[in-house]
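Note sheet for the following structure.
For clarity, chains are labelled A, B, C and D in written order, and residue numbers in each chain start from 1.
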Amino acid sequence: MKKLFIGAVMALGTAFSSVSLSFADELLVPNMTYRVGPYAANGTMMANGFTDYFLMLNERDGGIGGVKVKAEECETGYKAQVGVECYESYRGKNALVHTPNSTGITLQILQKAPEDEVPILTMGYGLSAAAKGETFPWAFNYPTSYWSQMTSILSYIESQGGLKGKKIGFLYLDVGYGREPIPVLEELGPKMGFETLYVPVAGKEMQNQSSHWLTIRKEKPDWVIMWGWGAMNPTAIKEAAKTRFPLDRFIGNWWSGAHVDTQALGSKAKGYLASSFTTTGTDFPAIQDMIKYVVKPGGSKTEMGMPGKVLYNRGMFNAVIIAEAIEVAQKMTGKKNVTGADVRLGLENIKLDEARLKELGLEGFTAPVIGSCADHENGGSIFVQQWDGSDWKRITGLIPPMTDVVQPLLTAAAEKYVSDKSGWTTQKCN
Amino acid sequence: MFYRETGQFKSKYKEELAAFPLAEDKVGIAILLVIAYVFIPLFGIPGLSFEFTMGAIMIPVFIFTITTLGLNILLGFAGQISLGTGAFMGVGAYSCYKIMTIFPDLNIIICVILSGLVTAIVGMIFGLPSLKIKGFYLIVATLAAQFFLEWAFIRVAWLYNYNDSGGIEGTNKEMFGLIVSGPQSDALTRYFIVLTLLVLLTWLASNVIRGRIGRSWMMIRDMDIAAELIGVRPLTAKLSAFAFSSFYIGISGALMVFFWLGAAEVESFDVNHSFTYLFMVIIGGLGSITGSYMGAALVWVIPVLIKEIGKTAFGFDAFVMENFSIIFLGVAIVVILIVEPHGLARLWQITKQKLRLWPFPY
Amino acid sequence: MEILYAILIAPFVEMGAYPDLFIQALWDGFVAGTLYGLIALGFVLIFKASGVFNFSQPILVVLAALSLVSFYKLGIPAWISVILVLIMFYILAWLVERLILRQLVNQDGNILFMSTIGLTFIIIGAAQWIFGGVPSAMIVNELGFPNGSLEWPMFGGGVYFEMIDVSAAVIAVIMIVILAVFFSKTKIGRGLRAVADDHQAALSVGISLNQIWVIVWFVAGIVALVTGIFWGARSDVSFALQIIGFKALPVLIIGGFTSIQGAIIGGLIIGLGEKIFEIYWGPLLGSGVEGWFAYVIALVFLLYRPQGLFGDKLIERV
Amino acid sequence: MSEKNSVIMEVKNINLRFGGVIAIQDVSFNIFEGEIRAIIGPNGAGKSSMLNVINGFYHPQEGEVWFNGEKRPSMEPYQIAKTGIARTFQNIALFKGMTTIENVMTGRQLKMNKNFFWQMLRYGPAIDEEVQHRRRCEEIIDFLEINHIRKTPVGSLPYGLQKRVELARALAMDPKILLLDEPMAGMNVEEKQDMSRFIIDVNEEFGTTIALIEHDMAVVMDLADRVVVLDYGKLLADGTPAEVQSNQAVIDAYLGVPH
């Protein structure tokens, strides 16, 4: 009995010690993914694009600055609490930057980042106010925030027959993510003369939207804007078609316009619009390299059809920003093994202009991302794409956000956020 | 040989009514307390980083033990099934948040206890259907509570002070000049606070269940009609169980947000969490305080370790490990129910019985 | 005053003003209700025959739909895939009986209930592992169900009937009739009914308890497959469908745990009630009330008819 | 077992129906203080229903219950328990998850009243109360000779002992009237003798009034001071064992009903 006990203790001890083994000379980039749960379809694509890019860098260039990148996934199932657990499990492991992949998780770890000195990059999600670099030194919103995006979408609608006197339906997933842009609608509604109909979809009702669409049918909005995710998107498009709502008046945000949302519907979803900041397709040298070095040899979970799809490319672009920030940090500090604090500097000094994008093999892939100390959002432009029954086609040029509207809102929100937080870390930019 | 009643005679009923009548048990508890208060803070768990030990294992396990104690009072002692545990933790968390913002200078421990009281009241209200219905029907009634509260946490913006994010978050709170909660607080400080509350609450729970009120719960659980004919008023007994249980659950909810997660939104209180807490009670052992500890620890730690070891030692996918731990939980429940429906606590008791005889089996 | 108007009058004015919309809402409620009723039917079958409150019924719906689509994706013809799913469910029923129910025989109902929660987790983990989390479209056309929709123009608008919804309603009715006949006319069916009351009586019909458990779980699996096909066609086939399964619980309260007709009628009450309430009264409460409104209906029922519409009345004795 | 003619309990014209089924029809009888009163009758005669009426579990549609010389208003069972009526059950209704001593302690619930606060601390008044009532329970346990199983969970006890624990629990309530629903059902001769002895002892030592339902006629004739006979919910006869035994209606009712 005693022997058995000692044996068990020793076995456990060995297992434990293997847990804490840390690897020298490695750039640890954790990624909170969700390959399970109701949002798995979207999460899987994002995760694949993200991971594949770093695998490709490791294969092709031997990592970044000669140091291999360890892009490690932590499964969250899109649950905020599990996300916090993931975050906690990376304490003391020299993670370089966190990628929560969920607005809910972002909001929960936002306060912890300054203490742990690991920046958070929420690419196209998260707290919009994090764009204010002076208030949020450790959070980044590149290339643009939800609020900016909403104004871009409204600009697009304005260009398609005006907003004045119109009724806009806002169909959103009823979580932190979906509610994020409401302040913009409330601010701009009176100014631009439109009325908003809020239609929240509870997570539980995601696949049971008939009453939401009956409400829309009852209220007859001219446009419907959707902030949806996961299984909510295809269900909404299907219901829209069912209630005969014109799909070319139905526009999703950049998380509501992916192949996984429309592919199964095929021609039924034809005409549906969505915004985006990343181009689809594989006609980019960088993506070709990923296929060549990683996907074809079977070095990852990616199947051959995935590269080029909306969310795969976006996941990759998230990785591109991080890789670039790490490289900038290495150059600025002269160290190979950088820390989270270094990467934060890297993010603030990132310069993904046309030339650099071309160098990376991503010419014309997206609008440039130029970082700065004060602006952690970059106010990037978006474009609108449309589902033609079999693929997403870009139909507009770049639409810039209404900076004059968004900036004061962001400033106010940032102030409100820190108003009740004693000892909040800020920074001064010059 | 070393663990037996023989030779330990009690001359007074009072002595026999003490929490741990056996000297060996007293020593055991003392050792556990020393480990919890001295050894773990000093040395952590061998092989695990200190931050990980505190943030991912010890603090959540202690908090969930309080939850499990609460649910066990209701389910294990009073026999009323509830699937609303997650939402009741939410009530604790949101009310603590409201109390903290309305009275910013109030000591956070008092906030936590007050939020437990608020939850107790809410629990009593949602416990009212239990007077009329039982069994599976009550499950549905508690699910109604769960879904209604989830909805309220989203729709009633007052609860989260009209935050844009729709969530609640903790700020730095001081006590005796030490930051005890919020992002800048030290994990060790929070550990001691949670541990102390746990010890205190365990002691209170064990007192109540051994006394008159605890007996009335068990009477309702074992045979409600007979209990009523002997003179137990169902209203008082059931509602006090709901209240006392919800008090614990509310406190654990407040602790979860303000001493562990730091922030939360509605999904931290959804129905899936209710299942997890139910599992903790079942695996640990219905109607056992020791079991509540075992259940919370096992159900929480094993998946964390599965993921961690799978990832670092074997290089398995996070995805695979996640599914593996879901399956593990399911299998654990079924196996425990088949092998010993009274959970690990009963198995431990049986082991103790054997220890009394050890090393001579007769 | 205004509030009273908004609650008591405005919704009815709207119903009258847009009758097409109202009829559409009724139809949607009817279809949703039928499907809730089908999920509840799965619960009732198992409860009736074995007294087990089978919490895994919703995940069985997901499992059925997912495996059907996955078989088809492997290149197996649609109808063969259906047969494969049925075989799979028979094996599953047998395994559940062997590994779980048989081990727990004579245990308290609560323990059996909890074991089915455990089963739910096992199925979720395993199914996610095998099928992944990506939703896919239900193979409606391949199974030969009609496509498109019927339009019925009226009052300047129109009511749209999706053919797949019509099929769902028709199939649901056929299933109920078949099951009702099965329970009252066949030897096995009578045995199933008997076993709930008296195990000896069931044995005298010549069926063993174990066989009966396998059979009801298999039949519940068939019901799950039908539900899965139609709900999968309405949205997509994914794990989120499981959440909809919770809607079956208030249906059970209204219809009673043991009544087949009760499941369907309860389903319709919930389906119609929540849709109408959400559309006409929901906005007053900030919308999204659908998630819990069904439970409110159920609780009101509980206070007046604790045994449900068709459930057996309980007389307590000592 | 002398005649004590002060009436402690009287039921008058009780009518009890479940839906269309008549369980008790116009039954009246009384119980004297300190006597052992037996209620007999064939299966389905309404005996258990009668006990359920007396301790308030069933509410009769018509009829009155007089207790201690007062007409009892409509009460919930737990309130009636408070007035001093205790009972045992035909199918043992012990609290299976608890030990013998805990089960007996449940009988003292009504007499304990220290509030939640003290209960939580288990200190001061709460523990004093616990000790005081524990002492009484130990006395009853000694009295019924179930000392050896004090700490055994009752679920694992043999049938005869369970019946005895149930009696102990009822006695712990210090009842004015003790209702025993078939206290000897399913026992062998030896156990029956033990139980009879305890019933008589309880009656004599504590002076408790006892009303019991029993099938074994020999036992009833030995134990009871007076007997009520019910048949199909109606009162068939009422009197001393000797009177009842010679009553023609009773003989007819029991004819062909083998025991």
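In this section, a contact is a pair of C-beta atoms (placed from the backbone, for glycine too) under 8 Å apart; a residue touches a chain by one contact, two chains touch by 3 or more.
This structure is a prediction, so every number in the text was calculated from the model and none was measured.
Between subunit A and subunit D, the least number of touch steps comes to 2. The most distant chain from subunit B is D, comparing centres defined as mean Cα coordinates. Centre-to-centre spacing of subunit C and subunit D amounts to 48 Å, using the average Cα coordinate of each chain.
Each chain gets one centre point, the mean of its Cα atoms, and the points for subunit B and subunit C are 33 Å apart. Mean C-alpha position of subunit A lies 36 Å from that of subunit B. Annotation: 41 Å between the Cα-based centres of subunit B and subunit D.
For subunit B, residues touching at least two other chains, in rising order: 147, 151, 154, 225-226, 229, 323.
Multi-chain contact residues, meaning those touching two or more other chains, occur in subunit C at positions 128, 246, 286, 288, 291, 318. Among all residues of subunit A, those that touch two or more other chains are 35-36, 174, 200, 202-204. Taken in their complex, subunit C has these residues touching subunit B: 53, 99-100, 103-104, 107-111, 113-115, 117-126, 128-129, 246, 249-250, 252-253, 257, 285-286, 288-289, 291-292, 295-296, 298-299, 302-303, 306, 316, 318.
Subunit C meets subunit A in the complex at residues 14, 18, 21, 24-25, 28, 32, 128, 132-137, 149, 158, 160, 162, 231, 234-236, 238-241, 243-244, 246, 274-275, 278-279, 282-283, 286-288, 290-291. Here subunit B touches subunit A in the complex through residues 45-52, 55-56, 60, 101, 104, 147, 151, 154, 164-167, 169-172, 182-184, 261-268, 273, 304-305, 307-309, 311-313, 317-319, 321-323, going by the rule given at the top. Against subunit D, in their complex, subunit B makes its touches with residues 12-14, 17, 204, 207-208, 210-216, 218-219, 221-223, 225-234, 240, 287. Here subunit B touches subunit C in the complex through residues 81, 129, 132-133, 135-137, 139-141, 143-144, 147-148, 150-151, 154-155, 225-226, 229, 271, 275, 278-279, 282, 320, 323-334, 337-338, 341, going by the rule given at the top.
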